Amino acid sequence: VDEAPVQPPNGASEVGIMYTATGQMPVLLSTGQIDGYMVWQPFVSVAEVSGIGTVVSYSQDLPPAGTWTDHTCDALSAREDFIAANPDLVNAIAALLILSGDYVQENPDRAAEVSADWLFGGGDMTFGDVKVSSQDVLAHSIPTIRFSTEPSEDWLQSNDRFIEALRDIGYLTGSLKDASPGEVRDTLYDFSHYEAARAMVDAGEITTPEKRTRPMSIGYLPSDHDAPLFVAIKDWEHFHENFGIALKPRTTAPGKVDVADLIVNGEIITEVRLVQGEGGAQLMTLMGTDAIQMSYAGTPPTISAVDKGMPIKILLPTQNEGSGLVVAASAPVDDWDSFIAWADARSAEGRPLRIAAPIRGSIQDVQIKYALQDSGLVVKEV
Amino acid sequence: MTVVIQDVGKIFETRTREPVTALGGITLEIQKGEFVAILGPSGCGKTTLLRMIAGLDTPTTGSILVEGKPVTGPDPRLAMIFQEYSLYPWRTVRANVAFSLQMRGVAKEERDTITDRFIRLVGLDGFADSYPYELSGGMRQRVAVARALATDPAVLLMDEPFGALDAQTRNRMQKELLEIWENTRKTVVFVTHSVDEAVYLADRIIVLSPRPGRLSAIFDVRFSRPRDRTSVEFASLRRDVLELIDQLEESQ
Amino acid sequence: MTVVIQDVGKIFETRTREPVTALGGITLEIQKGEFVAILGPSGCGKTTLLRMIAGLDTPTTGSILVEGKPVTGPDPRLAMIFQEYSLYPWRTVRANVAFSLQMRGVAKEERDTITDRFIRLVGLDGFADSYPYELSGGMRQRVAVARALATDPAVLLMDEPFGALDAQTRNRMQKELLEIWENTRKTVVFVTHSVDEAVYLADRIIVLSPRPGRLSAIFDVRFSRPRDRTSVEFASLRRDVLELIDQLEESQ
Amino acid sequence: MRWYLKVIPPLFLLLAWEVASILINNPFILPTPTSVALVLLSPMADILGSGSIIDNALLSIWRVILGFGLAVLCAVPAGIIIGRYRIIDELVNPLIQLFRPIPPLAWVPLALAWFKIGLASIVFIIFIGSFFPVLINTIDGVRRVNRTWIETALIYGAKGWKLLVYVIIPAAAPAIWTGLRVGFGVAWMCVVAAEMLPGTNSGIGYLIMYSYNWGQVQVIIAGMIVIGIIGIGADLLFRTIEKKKFQWQEMNR
Amino acid sequence: MRWYLKVIPPLFLLLAWEVASILINNPFILPTPTSVALVLLSPMADILGSGSIIDNALLSIWRVILGFGLAVLCAVPAGIIIGRYRIIDELVNPLIQLFRPIPPLAWVPLALAWFKIGLASIVFIIFIGSFFPVLINTIDGVRRVNRTWIETALIYGAKGWKLLVYVIIPAAAPAIWTGLRVGFGVAWMCVVAAEMLPGTNSGIGYLIMYSYNWGQVQVIIAGMIVIGIIGIGADLLFRTIEKKKFQWQEMNR
């Protein structure tokens, strides 16, 4: 058992953080092996819709108050050599995601439908003896996510906070370890493509990129955080007709799409392979080996990857917020304060709470640790 | 101890449930202290007969009486020596010889005394702590004999005990077996393929017919031991037995 | 074809690099068409000698000349028959007999003709399409003989070919071998442990001393074939050989 | 044994499962046989948007055959050479020993780096899993070829490739076949590890791991049963051919 | 063979690796031998906040020993019973066949549900992996005990447990030991799958999968090498004991 990196005052209550696969969390919660979990959507909604658990707090509302408002989550990133070789293509894809992000924000119901189909074939999810419709879960989940693509100053600061946190935990060991804020931004971001894309969107005219002979691959995660990517493909006709850009799937079967064609102004530009990964870190590793060229994943893994020397740049945010803390439905908790009270009580009983989080260094990991420490609890990894 | 075999036959069932008559029905009386050799072509049921006497198989027809009592299972008064593979390779010579005593719960000290005596009897002093794989084939069979004798059985059943040995070793073992037999006077039932061996060893030679084995002839061997293989009477009995066997084969 | 063995000795190296003298130095001349039997205690180097004649091993000292030319490796004029396991179990009788012809690139039709002839010769017509595991031990050795003969070798080397057979089958095989030999007049070098077998078969009996094997005696067998095992001359020669072997053992 | 006795244990297991699932009364821990049967009994129905069980199973079998086939193509010739030449054996043996204990799962990261996303990586993982059993058995089989068989062939003039084709390979064939059987079993067991690779959207292994990501226990169990049944089937197939083709081995002695 | 010939292949592999890593020039695809050596040569240094290689390796070995030990405790007695009684064999054989092909990795979700987070689940995964090899070998060993040995014992009055203890078990011991060796090998190969379980933040398998998430390919390779070497070591240990204890088997024809 590792000691938490930051040591709060003696005598404080203790909470255990345990890293588990996300899909296991509802099961672990309902079998009493954990007391709660901090995770991305749609697992927060799964708990609520199925009645397995209740939401204590969505991520943006976690303490310290105001810290996490509109916090960073997923972003589009790409390999530097790919960006350099295909600037117009990168611009076009950025533009499509700007458009589809807006589309999701405006049509949450449709986005829920598409995501349910993509992730679950639109069928039911079974958790023990509870069956919930994946549509219902995603209809609950999508509105809790902010689909915003502007790399605003707030967003940048939010990333800075994660960088701080990652440094504290000791995850940054490479180029970003001691870099100044300016150096960090230079190393991490390349917003020129966002700006070009935004300009094209505003002008209503997408520049046709050069054709590629080789396919390209985009990595994504099985979460409705990636809904903009899903709708861009499933509702390709909408984008094709209205904006002259689309990712047209090769097949029309329900469920996931493996291969699509990027069509700009009626021309097929490139074959795009859609690679589902297990987590942001895995997608970064894939990008490091050039197995994929772009990825749609959380910022902390991207930051860590850049720190380790991977030639990757963050191009634009794709979605903010969208995580939450869930506890068992039976827990005497309805908000953060009662959660802390419960944590204190359990710690006093000698049975400290056990909260599951996805892998170490993830957004959820960083947020829950910070929030707990801010509330005066000692965090232990168990 | 007398062994009385009354009309004993054995039918096996193969895996495909077909019956195989292994032994056709044999009646035979073996006297206490007698040395009987059984000869017969391969597959005629010699091993099966020995196994039934030992209580390892039950006759399909007829019955076997040892000292008047029917055989119902392995009996401490009978010991059997197989052609090969019967020593426990993970046990030393001493532990092999001691096996039966150990099974009967004889105390360690007594066991050692008895064991040592029989190891000496078969001429293996000095090899007590060797493992079977360190011995030659002949030495291994001597261990098997010692093990059988250690239980002090009244009847020794031997199924081609020297079949795997080369000719020279075989002759030596025959001599030694006779010496031991003369000293202990066990009843011996000795299965062999070798006419020569049978004539050299036995008081009586039982010849079985080809499968299913039936009693085909009984030869009494009347001349005294130690027998001279090159003597006229030896050669003549040997010829008689060989001729009978040839006939049996041709009539088949 | 004559086989001349000049002062041939063989020293093996064990895994621990110790030298083992397997054969002590033997000089012997075998005439064309002669049937020679080699007798000797286990481990005296009989197999080693045959292997060297066959070109499977090279002598450490001395040399072997076949028809005047030194042996440097396997030679089509010599065929060897092993005690067991030499048939290819995945081949039918026919394919086993045809093996050597196939290796020499004889065309299919000619191969079949020759093969069928030799299968008939050893009395296995009707079993051509059987697999070795469907045959008895004696039948298997007949296949091995047919295979050896099919190459029409001038010299047949046989290493205890009948050692694994039971006594009756063995006698039958001996008769058949003699018939074949009389019809084909190959030179035969026949290793055996059985004095009886040697006296029954050979023109000359070579007796080797215990390891390392050296020439100990040569017996000429002068009486005519077919030999009667129960005849006086047979018994007398048999006794002489046995006595020599007993002596050799005791002097050891 | 009577056939109806043979169905007792599976039925008993099923019953025990049913009773246990009722007693435990927590479908997270043990879903009822019924819920699993529902998945298995509609093998053509789409599961989690990833296609039907049948489709996924067929795809997995195809991948395993590819990886296994490649392993056989490499391992059998390599095994024959290594088994035949002692010096090569001594040279490569340390490497074989070093690589053999590394589980296929551990190769996942490198497979991805080397073969990128797609079929090649999946095939590599299965390849790595089945390569060593096939190799080891082939080496062993060739090394144990009866010396008498080889010497008989030498005496009758067989040399070089003829010796190989007509003696060594047929003689080692039963051992090689055992290697194939074991290797295929391992290959099949690697399917879950292989189909964990990112970019995989199908296959019975993917179905298990994807269901795991979504906590769909009844699908996991159904997938395991499918793996078990296909495993039995493949093993039976190999054994049946073995019995037919290599009868001589059992009978020989 | 001279010892210096034996080092040629590893050296050659190392050289090829060095050249390849220079040519590829992408540490995420193929790190240089040096970077891997750096990890291996400081086995006491902390890696990614998860402890040193030595600590993690020891922990993994401990877990494997637990799971393997449990498997042995269950599989050996079960195997003896199944091998001894034909009827039990026929009854349970279908179940064994069904469960055997299911890869340990597929058990991960159920392990978690049944044994909760923690050592028990890890041990279960390793248990499941090594149970079948030990079982199958034990059954086989007991079934193949020389009939003559048993009958000799019957003749000399051995029955029941005495027959078991003094004849069956010693006679089957070499086969059982082979089962243990193979089973330990498989158990060791399961360590990566087992240490993927949630709540695990140590062990050499964890290190590999965790490094994978952070693109630390040199740590992955170092971990694989450690697995390989420990695998060789364990195998050697088993074989050494085998040679000493069961010498009689080799010698006995």
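When the chains are written out, they are named A, B, C, D and E in that same order, and each has its own residue count from 1.
The criterion applied here is as follows: contacts are C-beta pairs under 8 Å (C-beta built on N, C-alpha and C of every residue); 3 or more make two chains touch, one makes a residue touch a chain.
The structure displayed is predicted, hence computed values, not measured ones.
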Touching chain sets, computed without chain D: one piece
Mutual neighbours - chains that touch chain C and chain D alike: none
Chain pair bearing the highest count of C-beta contacts: D-E
Euclidean distance of C-alpha centroids - chain A vs chain B, Å: 84
Computed distance of Cα centres, chain E from chain D, in Å: 17
Centroid distance [mean C-alpha coordinates] between chain E and chain A, Å: 38
Overlap residues in chain A, where contacts from two or more other chains coincide: 21, 24, 27, 31, 282, 285, 289-290
Shared interface positions of chain D, touching two or more other chains: 28-29, 109, 113, 196, 211-212, 217
Chain B residues counted as touching two or more neighbouring chains: none
Touching chain combinations (by label order): A-D, A-E, B-C, B-E, C-D, D-E
Contacting residues of chain D [partner chain E, same complex]: 1, 5-6, 8-10, 13, 28-30, 87, 90-92, 94-95, 97-103, 105-110, 113-114, 185, 188-193, 196, 205, 208, 211-212, 217, 220-221, 223-225, 227-232, 234-235
Touching residues (chain side chain B, partner chain C) in the complex: 41-42, 166-169, 193-196, 229-230, 235-236, 238-239, 242, 245, 249
Chain A partner contacts - residues on chain E that touch it in the complex: 26-29, 49, 109, 112-113, 116-117, 198-199, 201, 212-216
Complex interface listing, chain A residues touching chain D: 21-27, 30-31, 117-123, 125-129, 217, 219, 222, 254-256, 258, 273, 275-278, 282-283, 285-286, 289-292
For the chain B and chain E complex, residues of the former touching the latter: 51, 54-56, 74, 76, 78-80, 82, 84-86, 88-91, 99-100, 102-104, 131-134, 147, 151
